[in-house]
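Labels for the chains are A, B, C, D, E and F, by order of writing; each one numbers its residues from 1.
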């Protein structure tokens, strides 16, 4: 089956990663997946939140936001509403959990890395794109810490990336754009490590429930898409990519 | 393997449904799953939210809250914080989506049903217990509407219930209590219809990612647990249970 | 005169106190006064608010809330409004003041007891019912502290309970339910100790002002009702009741 | 007994009412009771709040605030805290109820009068002073409406004023200043009509409960003080005073 | 040209400064400029905000507010809106900057002076009037500190006052009242020291842009008006005026 | 004098305007002035705010925000603080006023144009850069409206741009970067039309007041810089530039 945008059902959109786009941040990347564009910056601070104090461990957290006109019609700024929407909170909690799953917080030491994911333009998959992009920003920032503080162990234990899958019509498809997403009867976000294990899996069939067979088809598509994305992360990270997981294996 | 609380790995906690506990609400139930206790009430209002107006369709939504001392230590009220936590928002969005998936909004007509899930005591699984309980409150309220307005089609198309599954140690287990939940390396919430299809599936392996084999084991446990729960819903709903899905099948 | 609900003008509604309803709280009670039902829990924390620090004294405070469907029509949650209503603030300040008036804060030591009064169902008199019920939860919690820390002096100096009185038609009546309350021209809440002294007295004649004679009639009814309620508190507290005020007398 | 400030126990502080202090407001007064100074303005708007619409009746409401340095030490502005304190809400609800009790809302017609009570300097009794002063501002504003719209019935049915009484040491005293208030064991606010009937009566014995005898002594002091205050209102209102209650009596 | 209110284009409105109007504040003044009336109080606290700690320097800050009925129609209180308007924030930031420009923060020592400017009645120029008035309150408070702590250097280095100028019709005018302000095509606020230097200069030509010639005419008018105002500050401050800048000159 | 960054005192930083960077917005531009980068989008909505309804006129407004890591250290998001800072409000009010001064709101018709200025990277002058950039986005959006609705009059009457000037050391300089800005004793923002008239002029000498001579020097630098910037706007707008002010002149 050919999709409206000319892709096959198992084909990712064109993906572009531009690193070091911000002169102040410890790590930064502009990630473009089709027409979805997200600026991810990583900020390192030499302190941890109150609930983590004195444990000798670090923390990784994320914030997510959309520019008001990232979408077809303009959205009110959350700063004007005076509070975050439930959707934003869900997404930033997801990004944080995903990234923490591949960070050795002990090895990171008592510091916090905050990933800011700001969506400049949205065409579906902003939350998964934010995870894939912010992993690269995280790796750049962690590399700076590792060099500056001569860490013995590189604190990132594996790669991580994310993609959306769904069922459109009766067809399971990979990496939905906004148009496909709004017609999908099932929508699922997958987050997976370089080792091919699930970190998060969130499927929802509000329009129509789905069965085991559909689930399995989506899982196949997602796994293949994520591993492709991780190849792109490796390319852009170059020598840093070699440090990821190198020590982590020996330790666990 | 025997669990700390004497259950086998595929055994639900004792579950109790007491209906019509509230003299004002159109539907109400006290659901107890082990030591987790939730009051679910359904309120019917003859109007829909602004974004639904004029479509001839109804709406189903949910709110979730915990009493401050539902837990081991007291939590600050969200009314005092001045806003809902991200966790609360995530949960109430989940409950709403789950219930809407089995409601024929067209058949419901231009009315809103709000499910309030107030956790009186929490011992793990409050979100899944809220879904299972509020389905019963919903069915009671819809039945009142159907009788009062002589609806041609009963607007509930299927049963729905939810349960948590996880991996504790290396063992996949069903229906985790708080103690098990805090030790689990993987935690997954499943929402499933009486027809055995998935409505929501949310798994997270923040502590350790999980593979396809573990996923499948959890899915098996969850399916069996949910179908057991739906039997209990049928018992307590009595003759109303017979109306659910009866027409829905004919229509779709 | 016989009231609509079959009571005489000086008759309380049936009152039920069930203790230890919550497995985590240091003290808990479900109080039912007619169809008004309130869950009261007492939480003990080994610290005091900033303005009390270093004085060697404890603190007692209260919070009050209604479940959204405790009433005929559903109320918006205060957590969604983002702030407490004036009514809620008034009530929780009243409960706190009332309870503190019978606690020897010095004898309590530097700890805080928070009473949470959550109204499950409302049929008039929720603020007075909250006071009467939370006194019992407070006594249970204080008893635990006294045993655990071997306090020399039992820190509760007297019993306390509360009731509403009013003028309906031209008739002063005791313990108004919602129906009577909404027709009353005068509405008064009385809080009184076991020793028969006033702690709070709040009367309002927005609909019609009242004179000295009506005031006195209401005070008589209230005194008798409160002393009856205190008898019920004594029954349910059993041996703990004997400790209340025992030392307090000797000290003052 | 002579009080620290040279007053006898039944003596009011010097009271001064200056009317028409604001060139825009429909009614305005600066009330000084000892060192307590409050600016009261009455604003008339030709609309009612949503819950009153279409009933052909008016509404009277009040707001209360203190300048930050009205007190010994500076208080944070409520606008900066982002919300009103419970104390402020209690007070403004009290002022509104008190004034409404002497207004014939039917005769007022579908308009809202808002009384703003801004405390310039506080030395005890700010809430009772606000009631006494804002009654005058209200009367001035109502008089303007009555003239402009040629109302058949003057919509104010009686005078109203308020005072605090308390027990200091063992002595019941009238009109406590801040110093006395902070030492009082019982504190009571009385609101009374020109006809000598109670509209509000709020007594609190947080420090020590009080008995019937003390209550009666305070009620005597309060009644006499309020009637004195009402004389001062009559003087300053001049011919307008004659209209108050004139028609109101004939109607009821 | 004669203005509607009988003033010439370079004539200030009648200005009145009444000092020590508040019995608690360290400095206080009621400033009246035409029908614009502002209460300015200065509060001294022996601490500095967190960002200033440990620098051995003091801080001067300001807050600004209007009573709801200071204006033709009633404004909602910012405390009820739950936040300050942009206008209020702009004004209080301006007042703070202006006053700090003439305070030697080093000489002041680690203390904070907060100027509260509460507008009782508004007829144009409330922000400039607040600056002119609060300088006097500041000087009174600083004088108390200087005496009490025997400061070696008087921490105020110069006088400061402010005025509005504008172009009404084609005519540059000084000290606009509300009526003129609402018709002005250009509106400019000037803040100037006793030494004739600019501290702030804010001109806006939203209705119509202005050229260099108009700018210069306004600057002339403003300079002359401000120097007149500073003469009035000197009169009311009496001997304190002599201390201002006396040492400041020797130091810089 | 040569500046640290190699510029002469009257030299602008390199400026780059990239148009149509956003696929959804009616007008969009990425403006880069040195290392300061701002995304400006213009959104057109076919309605006006409540206070403008029924006047047959349009409205132009602006919002301003910084990404958290636009600066050296990360700033908390205003959405998390729950409110806008005073600085943000000041800036967005300024941008809105500036743009409205060159729009014929009558000719625009009853529609609102919202300019969103999101600072991606900040190195001084973000508010002036936002004005210069958002004028271009505005012109693009207005051009679309004019074509689509066949407007008789092009609703933009003149060009507008803005720049900062200041005194660093004793030297007046043009277009300060962050480093210069933090050392400047005087800081002034100028907004000027293509016709060379002032729309806004905001100078502040918190560190040290400034005299007439310094003011004039800064005005000269600013005028020249702004006119240079307007040349760049004309280049990038191409044929649209010719429509600006063409009819506006004939009308006024």
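Rule of thumb we're sticking to: a residue touches a chain if its C-beta (ideal position, glycine included) is under 8 Å from a C-beta of that chain, and two chains touch if they have at least 3 such contacts.
Every value quoted in this text rests on a predicted model; they were computed, and no experiment measured them.
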{"item": "Fewest hops from chain A to chain D - one hop per pair of touching chains", "value": "3"}
{"item": "Given chain C and chain D, the chains that contact each of them", "value": "none"}
{"item": "Set of chains whose contacts include both chain F and chain D", "value": "E"}
{"item": "Rotation angle (°) superposing Cα atoms of chain B on chain E, nearest 5", "value": "180"}
{"item": "Shared interface numbering between chain F and chain A [over half = same, under half = different]", "value": "same"}
{"item": "Selected pair, out of D-E, A-B or A-F, that shares over half of its residue contact pairs with C-D", "value": "A-B"}
{"item": "Intercentroid distance (Cα basis), chain F paired with chain B, Å", "value": "52"}
{"item": "Interchain centroid distance [CA atoms averaged], chain B/chain C, Å", "value": "35"}
{"item": "Chain centre separation in whole Å, for chain F relative to chain E (CA means)", "value": "29"}
{"item": "Multi-chain contact residues (two or more partners), chain D", "value": "82-84"}
{"item": "Successive chains around the closed ring, taking chain D as origin and chain E next", "value": "D, E, F, A, B, C"}
{"item": "Contact footprint of chain F on chain E as seen in their complex", "value": "83-86, 89-90, 92-93, 97, 100-101, 188, 192-193, 195-212, 215, 219"}
{"item": "Interfacial residue positions of chain C with respect to chain B in the complex", "value": "22-25, 28, 35, 39, 41, 43, 45, 63, 65, 67-72, 74, 77-84, 88, 114, 116, 118, 120-121"}
